[in-house]
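What follows is subunit A paired twice: with subunit B in the first complex and subunit C in the second.
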Partner chain A sequence: MSELDAETRAALAELLLAMADDEFVLGFWDSEWTGIAPILEEDVAMSSVSQDEIGHAKALYELLAGLSGEDADRIAFGRPVDGYRHAALMNHARTDWAFSIARRFLYEHADAVRLESLAASAYQPLADLAVKMRREETYHLLHFDLWLRRLAEGGDDSHARLAEAIGALWSDAQAVFAPMAGEACLVAARILPESLEALRARWLERVIPLLEASHLPVPAATDRPTADGRTQRTDEFAWLHGEFTMVSGSEADATW
Partner chain B sequence: MGSKDRVWEVFRQEAEGDPMVHGGSVKAPDEELATHYAREFYGRRQESERLWIVPRDAITELDDPDLLKPPFDRSFKRPGGFLIKHKLEAARERAGSPQVEEAGE
Partner chain C sequence: MVAAAPSRESAVWAALAEIADPEIPAISLVDLGVIRSFFFEPGESGGERLTVELMPTFVGCPAIDVMRQQIGEQLRDLGLADEVVVQVTFAEPWTSDRITPAGREALRSSGFAPPMTIGSTFGGDSLTVLPIATCPYCASRNTTLENPFGPTLCRAIYHCADCRQPFEAFKPV
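Showing the complex of A and B:
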């Protein structure tokens, strides 16, 4: 692809930041399970998956940094709470195991749909990265499909908690596909090969049958997510932000 | 989980063609989760070409010393036959040594 014009560059930066923040914030939330997951083996698995997400965020921040001339660490850690652009799905605290599993299940499928599409992006560095990330996300999908099934079949208590979490997260999960200011520009340039609404439809086609197969209630259909799905922040996220910027914020210009 | 957990022994192959070597074990209630955990513990850093995940209770163990460590010298049963290195050394000592090198002169 030839040199990007200013409008396309800004639109691409918006997409990269949204994806990076999704992975980054979710990685931090779920890394809180380290040491307290249900069994030792799962503790290691959940911690490693969370590290994977932070690794993906790093790669995306670096792509963005190459575009904007900023420093990747500064982008990751140097913004105020309202400067983050993750979907509302990642605004919630870790809560209980069922809640974390419900969120991962919803997110992993959304991420898979997004990456599958981006693997054909006209912006080659993003297409290459999407292909690479998908290989790791294959395992994430398997792992959280498995946990969804198990908790759904694991008895009344775990089924009820899972159903409640899916219900509570459903509308915020749509926000992974919240419209972006530069979306039309990205679609026209084939950087984003399909509209976010087309991706959301595909995600629903995958997630709903899996919920039904596990006898989990499928929440009522929702309208297209609104643009504020990636800008509204919560006190819970503000707390997490305080945690993950604690060290970097302790001395603003330190070299680590 | 807990009481339903089984122990699975994990064998790994480092490179194509290498022998499968015991890596360690994981606890999991069934084969599906055992596979995930084996991958997490023994395969997520590109260190393995393939894994074998075997329920420990499928393994037949033999550790009887009467069978495995017979008390008599059975070195003649080894592929290399009798160990004669020490006998040879003793014989050379008795014969007064460096003869071997001078023999050809």
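Showing the complex of A and C:
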């Protein structure tokens, strides 16, 4: 691909920031399970998955830094609460295990659909990264599909908690595919090979049958997400932001 | 006649083969297959530059910076070029199939089951994660997958029902 024009560059930066923030914020939320997951194996698994996500975020922030000339760490840790662009799905605290599993299930499938499409991106560095990340995400999908079934079929309490969490997160999960200002530009340049709405339709085609197979209620509303799906921030996220910026914020110009 | 001096290329490979993986020191970076290529080219300062392309096993592998530093030090000590640059690349994905036969044996003899071969069949979700692996201690296949996630991103945990040992396997990826 030849040199990107200013409009395309801005649109690509918006996409990279959205994806990086999704992975970064979810990685931080779920790393909170380290030491307190229901079983020891899950301590290890959730920690490993979170480390994958933060690693993916780092690679995406570095792509963005290469584009904008900024510093990747500064992008990751140097923004105020309302500067983050993760989907509303990542605005919530980890809550209980069923809630965290519900979120991971909804997100992993959304991420898989997004990466499959981006593997054919005309922006080669992003396509290369998507190809590599997909191989790792395979393990996440297997793991959280299994956990969904385990909780859904495990007993009345776990089934009820999971059903409630899916219902509570459903609308915010759509926001992974919230429209972006530069979307038309990205699609025209084949940087994003398909529209976000086409990706959302594919995601629904995957998650709904899995929910039905586990006898979980499928929330009725699948309204198209609105543009504020990546800009609204919550007190819960503000708290997490305070946690993950604590060290970098203590010495603003330190080198690491 | 004297024997020809070894080429610069073989000197670089030999130097890289001396660097152990920081997380599994039994295997070298060369046998792990993380060196994609290296090349000599004119550097910006007028001298010659040696660039090494390093492929992370996992995108978030925290050992990458250590590897990068060790490669740089080792190759600078060789004095074959005026500058040495180590470039992390995703231009082609590292896969566990890149581990050499010697690397697989080094893993096995230090208690890690080598990853099963994936071949060219990977199609996203179709990567099959086998519930069994060959026990590196007693070679039994009577094993079960305990956890597809382990102490580092690239490792999974199994249990052998015959020698009753838990063991780790390098994940196919």
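By our rule, the second predicted complex is superposed on the first by the 256 of 256 C-alpha atoms of A that agree within 3 Å, B and C clash if a C-alpha of one lies under 4 Å from a C-alpha of the other, contacts with A are read in each partner's own complex, and residues count from 1 in each chain.
In the analysis below, a residue touches a chain if its C-beta (ideal position, glycine included) is under 8 Å from a C-beta of that chain, and two chains touch if they have at least 3 such contacts.
Because the structure is a prediction, the values reported are computed rather than measured.
Asks: After aligning the two structures on subunit A, examine subunit B and subunit C and state clash or fit.
Replies: clash
Asks: Which holds for A:H143: it touches subunit B only (first), subunit C only (second), both, or neither?
Replies: In the superposed model, A:H143 contacts both subunit B and subunit C.
Asks: On the A-aligned overlay, A:V44 touches which partner chain: subunit B = first, subunit C = second, or both, or neither?
Replies: A:V44 sits against subunit B and subunit C alike.
Asks: Is A:A59 contacted by the first partner subunit B, the second partner subunit C, both or neither?
Replies: The second partner, subunit C, only.
Asks: I want to verify the contact counts: of subunit B and subunit C, which reaches more residues of subunit A?
Replies: C
Asks: For A:T222, select first, second, both or neither according to whether it touches subunit B, subunit C, the two together, or no partner.
Replies: Once the two structures are laid over each other on A, A:T222 reaches no partner at all.
Asks: Let me test your reading of the model: by the given contact rule, A:K132 touches which partner, first (subunit B), second (subunit C), both or neither?
Replies: A:K132: touches subunit C, not subunit B.
Asks: Return the residues of subunit A at which the contacts from subunit B and from subunit C coincide.
Replies: 41, 44-45, 48, 139, 142-143
Asks: Any idea which subunit A residues touch subunit C in the complex?
Replies: 41, 44-45, 47-49, 51-56, 58-59, 112, 116, 125, 128-129, 131-136, 138-139, 141-143
Asks: Okay, in this complex, where on subunit C does subunit A touch?
Replies: 58-62, 90-95, 122, 124-125, 127, 129, 146-153, 157, 171, 173
Asks: With touch defined as at the start, can you tell me which subunit B residues reach subunit A in the complex?
Replies: Where subunit B meets subunit A, its residues are 1-2, 5, 26-28, 32-33, 36-37, 39-41, 44.
Asks: Where on subunit A is subunit B touching in the complex?
Replies: 38-42, 44-45, 48, 139, 142-143, 146
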